[in-house]
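Labels A, B, C and D are assigned to the chains in the order they are written; within every chain, residues are numbered from 1.
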């Protein structure tokens, strides 16, 4: 399994039937493919749909139905369409059970940075700031390092996405939970030691007596 | 013609084709009946419809379609239904060309009082405060006096509906326009003299050289 | 996967003293079966958030007549003589809110806003106790969001996931209330299988609806 | 009584320097014919208010490529390499607004609110220059309404009075923009006779729409 699939399959285990879930563009999108068949999760797409589904066949696409990443998608039975104010009303109003977002950095305060690199890349925050501010549970799905540099850092060096503490970080090496006591190492990936995680992390990690193995 | 019909037929002349118009409960409702056939006005009902029409026949009523006064009504071809936030969004957002409202008092500042009589009658403001605050043009349609007492007064004794200056007062005796210079007497009803109007009015009225006769 | 529940069972979940948003405009679009069952179960000390209290003994007027209501938040209570009497006698608390502000406060409560600035009510009794904030030279009242423990809404149609479709002026406050309560109970005229409502026609997504109360079945 | 107008005639009404809200999300639900005609007529110094600038040379990306745009207000400009280049070179002004705040600012502009309080952006760069207001112990940014000289929207269907119906994710910002501009121009896929759209399906009432641009007729 490559690192993205490890991350996505671990994140998939956080979802329960009946939840309303928003998956960010890129890596988080993979999560939808890795859900058990008996799990009935409603996927929201912030461009205006609940009931996002992959296209069953290429030919069934409609130009008017895309996901937030611009891919042609399908709508499930029982889907609902709405405008952008309603879409973000659902997000900001606490109706979104889980959002899974990519990340550039997460720090010891549980702050996420994922929307710009000053002077280099200014894509904009899109819906990320609303999702982090409003979703009941925010899960960050990202690789543990970027070109060898740790992404779990003492303090974000990039502009943060929200002052809200995110709820869980899932990487290909570890599951980390931001708490009042700091970043707690909950699980390591199979074959990855606590020492390996610490070596790849510049933030201080709280290591409890028992650290689980990531079920993937 | 009774006094209500005089008022309503004069108000009808203020409406032009293409306007979006809201008629308050009671007297203002009469205006709809008095429009020339070639005038295409859109009536909004603040309970959620543009395209309000009287029932063509009793039998064609639907329980789900009433006006803001609770009467069963019909919808015109090209009607649109919406929720209360959208309905008042249209009102407050400046999309309503004219609202015609009943009144208890209008004063020299052009303030309207029409929603409560403290200690006696506390119906509530319903949509009146939003209509006065938001409509492009506010016309007050009311009898000139109540049990002999003037309703056009120096300063409202009743709680006002809005600090916004209303645009026109139409009574069975006169048409009065609130301006920076005060209440200007624009027209008197056929057979009513300026002196008659002044005698039935406790507010100071500005009487221009020419006072028209109400076309009704 | 249906959200269907028996009328009496769902109303039993409502404790005395609860706050209830109840849809309807002069009872059009009001959840009449839910209202009757609340009266039948003898609930007390309710706060109801409604556009109006309908007529004496009709719609939510049943709850006023039964003295089940401690407080009303509404835009208009003039059509119900019971509400007027109880109000003037000091037996019931009434908070009057301009209708557009009422709709917008519910919406704010449902979509996670901390408040909004409206020109409605500036310089009137409604201003009392509220911050007046000037933006670009114009004065506005800061109005706060409104939420309730329960929303009781009616709809023309639902599917079993709780997606709701409304008809004409029966829509009114229902979609706003369905977003702004901890528990949302819908009373549709008709329940259809999942997949039978076009996504563009759905006004309230099923994700925010907790329970559906069906009409008594009358086929067979 | 129709609001139909020729494409070139309606676009001639847009002066250089105008502010335009343009519907669409990655060009789905974007008024593509209006955009192309604006480019063809060589408009300049435009302010465009959009969710995103699509891809280089596509949708509103055409206007970026043509250097017709002085300022962009958007939630995301990362998919268009032209916007990135012009932004980093200081040739174009970009105001980035969180997507939910962008939608809500347009809505506030359309429904006559002076602003709203949102938790989004508190403690981030977005907070800069904005009042932080505490309500019931939680901090919010006061965000102001957004309006434009023109709204250019697309729709699935219109009737000749301008009532608009949208399809799936092509709805996005279009209904919000149609409320928030001085002049509203709609480009529907299909125009049907008055009376052919069910009132409950209408999302944008014709009363707010000024002009309709038709597709070229292709019957006969």
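Definition applied: a residue touches a chain if its C-beta (ideal position, glycine included) is under 8 Å from a C-beta of that chain, and two chains touch if they have at least 3 such contacts.
Computed from a predicted model, the values in this text were never measured in an experiment.
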Those chains which touch chain C and also touch chain A: D
Most widely separated chain from chain B, with each centre as the mean of CA atoms: A
Rounded Å distance, chain A centre to chain D centre (Cα mean): 29
Chain centre separation in whole Å, for chain D relative to chain B (CA means): 35
Inter-centroid spacing, chain B versus chain A (mean Cα positions, whole Å): 55
Residues of chain C touching at least two other chains: 104, 107, 111-113, 118-119, 166-168, 171, 199-200
Interface hub residues of chain B, defined as touching at least two other chains: 49, 75, 81-82, 85, 88-89, 91-92, 134
Chain contact graph, described as a line, ring, star, complete graph or other shape: other
All pairs of touching chains, each written as two labels joined by a dash: A-C, A-D, B-C, B-D, C-D
Residues of chain D touching chain C in the complex: 104, 108, 111-119, 133, 135-136, 138, 140, 142, 144, 165-168, 171, 199-201
Of all residues in chain B, those that touch chain C in their complex: 45-49, 62-66, 68, 70, 75, 81-85, 87-89, 91-92, 119, 121-130, 133-134, 159-164
Chain B - residues contacting chain D, complex: 20, 40, 42, 44, 49-51, 75, 77-82, 85-86, 88-95, 134
Chain C to chain B touching residues, read off their complex: 25-26, 28-29, 51-52, 74-79, 84, 87-88, 94, 96, 98-104, 106-107, 118-126, 156, 166-176, 203
Complex interface listing, chain C residues touching chain A: 1, 107, 109-113, 159, 161, 163, 179, 194-195, 197, 199-200, 202, 205-208
